[in-house]
Amino acid sequence: MDLEFNETELAFRDEVRAFMRSELPEDISRKVISGNELTRDDYMRWQAILNAKGWLATTWEEEYGGPGWDAVQRHIFSEESALHGAPRMPPFGLAMMGPVLIKFGTEEQKSTLLPRILDGSDWWCQGFSEPGAGSDLASMKMRAERDGDEYVLNGQKTWTTLGQYANKIFCLVRTASEGKPQASISFLLVDLDTPGVEMRPIRLIDGGYEVNEVFFTDVRVPVENLVGNENEGWTIAKYLLTHERTNIAGVGFSIMDLERYKTLAQEIKRDGMQLSDHPIYAARAAAIEADLEALRITNLRILAETRDGSAGGVGSSMLKLKGTQVRQELQDLYRSAIGPRAATLSSGLSHNEMSVPYDAGQAAQVYFLHRKLSIFGGSNEIQRNIVAKEMFRD
Amino acid sequence: MKALVPVKRVIDYNVKVRVKADGSGVDLANVKMSMNPFDEIAVEEAIRLKEAGKVDEIVAVSIGVKQAQETLRTALAMGADRAILVVATDDVHADIEPLAVAKILKAIVDEEQPGLVLCGKQAIDNDMNATGQMLSALLGWSQATFASEVDVEGNSAKITREVDGGLQTISVKMPAIVTVDLRLNEPRYASLPNIMKAKKKPLDEKSAADYGVDVSPRLEVVKTEEPAQRAAGITVGSVDELIEKLKEAGAV
Amino acid sequence: MDFNLSEDHQLLSNTLNRFLGDNYDIEKRNEAGFTAPYHLQDMWNGLAELGVIGALVSEEKGGFGGSAEDISVVFEELGRSLCVEPMLGTLLALRVLSDHGQDERVEQIISGESRAALAVYEPNMSCDLSAMEATAVEQDGVWRLNGRKSAIYGAPGSDFVVVAAKTESGTGLFFLENPVLICAAMVDGGGVADLVMENTAAECLALDAETSLTSALDLGRIALCAEAVGAMSALQDLTVDYLKQRKQFGTTLSSFQALQHRAVNMQIEIEQCRSIVISAVGQFGQPGGERNVSMAKNLIGRAGRLMSEESIQLHGGIGMTWEYPGAHFAKRLVMIDHQLGDQNDHAMRLIATGAKQLVD
């Protein structure tokens, strides 16, 4: 039994830390830590810094411009990123489109599209969910009718995260009407400036704009934009959904949030005492701290299994479940701790630079926004189904 | 006299075996592995022979993956004197076939010159029941299989065998190969002080190539299936009803 | 980073697993656990012969192990078979005795020749040693103890008790042979006792043993947490098997999503508990390591109750019966929280020991 990283891994961690300390722009990390919305420019600045270092596409093979890291290195990098308040780079191009192209794309697709992801020419967004197809993704309906060398798209996608910043979207489309629902889905790439594509923002519970709905009306897309074979898109979708996802437990985010809470608890008073000494708050924080320390180790255990090739497959579902529970619990604790001030929508909807270290309105808004954690990326109920399927296998 | 005891690392007898999704074999990922129970009985018998002054050294041998080292440590902790690990594959799912195992064992017997080879009658993973017999043929030694009693006296041994009709007692010339059955003895537990002593006992690591044996498989696993689930039974009210049901099922 | 047991620990775990599996069935356990002296002498002798008692003490103090990991390996297996043998009390007594040069007594205990228990807790005290009321005063060269000790685990049938009591210099340790004990079975089986002391004469082992006591108690907590992990895994196996077999409405219970999801929540908590024990074991003896022990005891207290209540509910009526083994596992998991400080006591300890910097 050995809980520590080995010397090479520790040296790598130090290297990442040094990099974060010297290269991460402070205005960006301040926004991340306080839960403020990042602009497209914020993301692009950080992307360019990472790309210059060769640390951008962490899951790609070296020949395509990835750093050639193993699972442990990727884990260390994502944890350190979270701990230092680096933006979580949107996964759609780097962690989804890239690996899909590398595995299923043609040589032409790889050589033209991969570099554009790295240098920021393309910002991809995801067109999977539809109004009638959420967790039950295979019931999606958006049609793509073949017409000569083109597909004609009609339908609607939704929950498209950061679509407002994107210029391209990868979609699951229905290319046949008979057979099993899974056997008539194709994976298609669409330029968002194609005539007939319309993106509308969806305002979320916190008042902010993070997701969109995308409407397709007689959108004509060249057949070369197909990834993989026609009607084999479900294989790619499944690959994406089961592909090893880094940082799914979000331990780094939670450690940072707990630190943030502890700092707050030492600064403010409630019921005539320091919040850190308040029996009810302190007890809650203590329980979360225990859960988080356990989660940190669980994450490392599953990481070690992945490294040794003995991972069972349900590990990432368990990490997603517990990880999101802990994060949501922390957001709730933080919101409660702010007290009456949490009711004030102090910074309005503009998410301006904060005027005080612990923005009251922000805490409640961030809490509400974080209800998304247990819904997206395969809802927590879907994750339980996955674990149960393995558990009750004969 | 030196005794050689081959031991195999197999899936633990308490683990519910699951077939891999592609049917290529049994799923061994994250599964508890232990010493083949019949081999444990062989180790125990060797220790008892040593305690009775009939054996002076016990050499345990395991052929398979590197992790079989743990199986050998168990043998050493029970009371074997030293161990030889022959790493023949690095794939935990690979099963080294009996003939290859017997050839390697023959080479080890040639080197070690034991007076007795004690091994389990079969391994509970593939149930081949072949290694002991093949080794006997390769060495030209006498063999006694399915032993439930072992009595070594000078140049011969009296072995009681469990056969279909009951018990058969035979006398074999030494050196001999004895494969042991379930009722021969109850193996001891490795105590903690002995586990610690076992750390200091010699364990040599070799490879199949060191003995010039080709371990590539000669058998092909066509398919692995879990046993069919038993259908639920029914309770019948009377003998007549039973007969009727049996007739319906075409059983009588 | 390697979370596999070392070869020695794997062998030790295998030995115990087999020894208990072969010799210790639930009927035998339930018979022994509720009848004085609340354990089986044969089993105790067997455990001593296997060197298991020695695993609780380091080699330089006469044992064969003594690390937090050795202790967690032993107790996880004891938990898996719901063993009522007085191993916890023995661990606590052995640790303080070996800390205070009682080599001969340690040797006797390890060999199984004699047995000891540690009297720390009192009716008005749970986790915090500073609340101790029992006193020890020296009069004419004889130490005399006054006060009442409770929750002395494994004391029934023991040959002597080590008593913690307040002295002028701190918390002292005293040795009491043939103590007069008020013995009882515990709700979940196994023996426990109270000890009333009125000018009771005792041999002084140490005048200020707080460091040693705290360390022994923390190891006891790690032991309890590891025991809980073993018991939880065994209980989860029973529950999952039951859900797969039991049919209602023409189908197995395991096909109902409401039940599946609860079983999954239990599984995740078991993994979390296993992880927190690994954390507590890894940090034991390091600066701040006592916080990881308290995190473990806090989490295990909460998860133990969840496992217990959910397993009973998922079984339905059968889970309420004395005859069903799962019921006894469920009881043990709740009652572990009552030993050596519960989830609240340990939350208080986490709060009192302050904010440990998680990011260095």
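Letters are used for the chains, namely A, B and C, taken in the order the chains are written, and counting of residues starts over at 1 for each.
The criterion applied here is as follows: a residue touches a chain if its C-beta (ideal position, glycine included) is under 8 Å from a C-beta of that chain, and two chains touch if they have at least 3 such contacts.
Remember, predicted model here, so these are calculated numbers, not experimental data.
Enquirer: Point out which chain occupies the most central position, where each centre is the mean of Cα atoms.
Expert: That would be chain C.
Enquirer: Using each chain's Cα centroid, which is most distant from the centroid of chain B?
Expert: With centres defined by C-alpha atoms, farthest from chain B sits A.
Enquirer: For chain A and chain C, what's the span in angstrom between their mean Cα positions?
Expert: Inter-chain centre distance comes to 42 Å.
Enquirer: What whole-number Å value describes the gap between the mean CA coordinates of chain A and chain B?
Expert: 51
Enquirer: Which integer distance in Å separates the CA centroid of chain B from that of chain C?
Expert: 38
Enquirer: On chain A, where are the residues touching two or more other chains?
Expert: As it turns out, chain A has residues touching two or more other chains at 394.
Enquirer: Over in the complex, which chain C residues touch chain A? Could you list them?
Expert: These residues of chain C touch chain A: 1-6, 9, 69, 240, 243-244, 254, 257, 260-261, 263-265, 267-268, 271-276, 278-279, 281-282, 292, 294-296, 298-299, 302, 343-344, 346-348, 350-351, 355, 357-359.
Enquirer: What does chain A use to touch chain C in their complex?
Expert: Listed in rising order, the residues are 1-6, 9, 72, 83, 255-256, 258-259, 262, 266, 276-277, 279, 282-283, 285-287, 289-291, 293-298, 300-301, 303-304, 307, 318, 321-322, 381, 384-385, 387-388, 391-392, 394.
Enquirer: With touch defined as at the start, can you tell me which chain B residues reach chain C in the complex?
Expert: Of all residues in chain B, those touching chain C are 14, 34, 69-70, 73-74, 77, 189-196, 198-199.
Enquirer: Give every residue of chain C touching chain B within the complex, in rising order.
Expert: 7-8, 10-12, 14-15, 18-19, 21, 49-52, 54-55, 64-65
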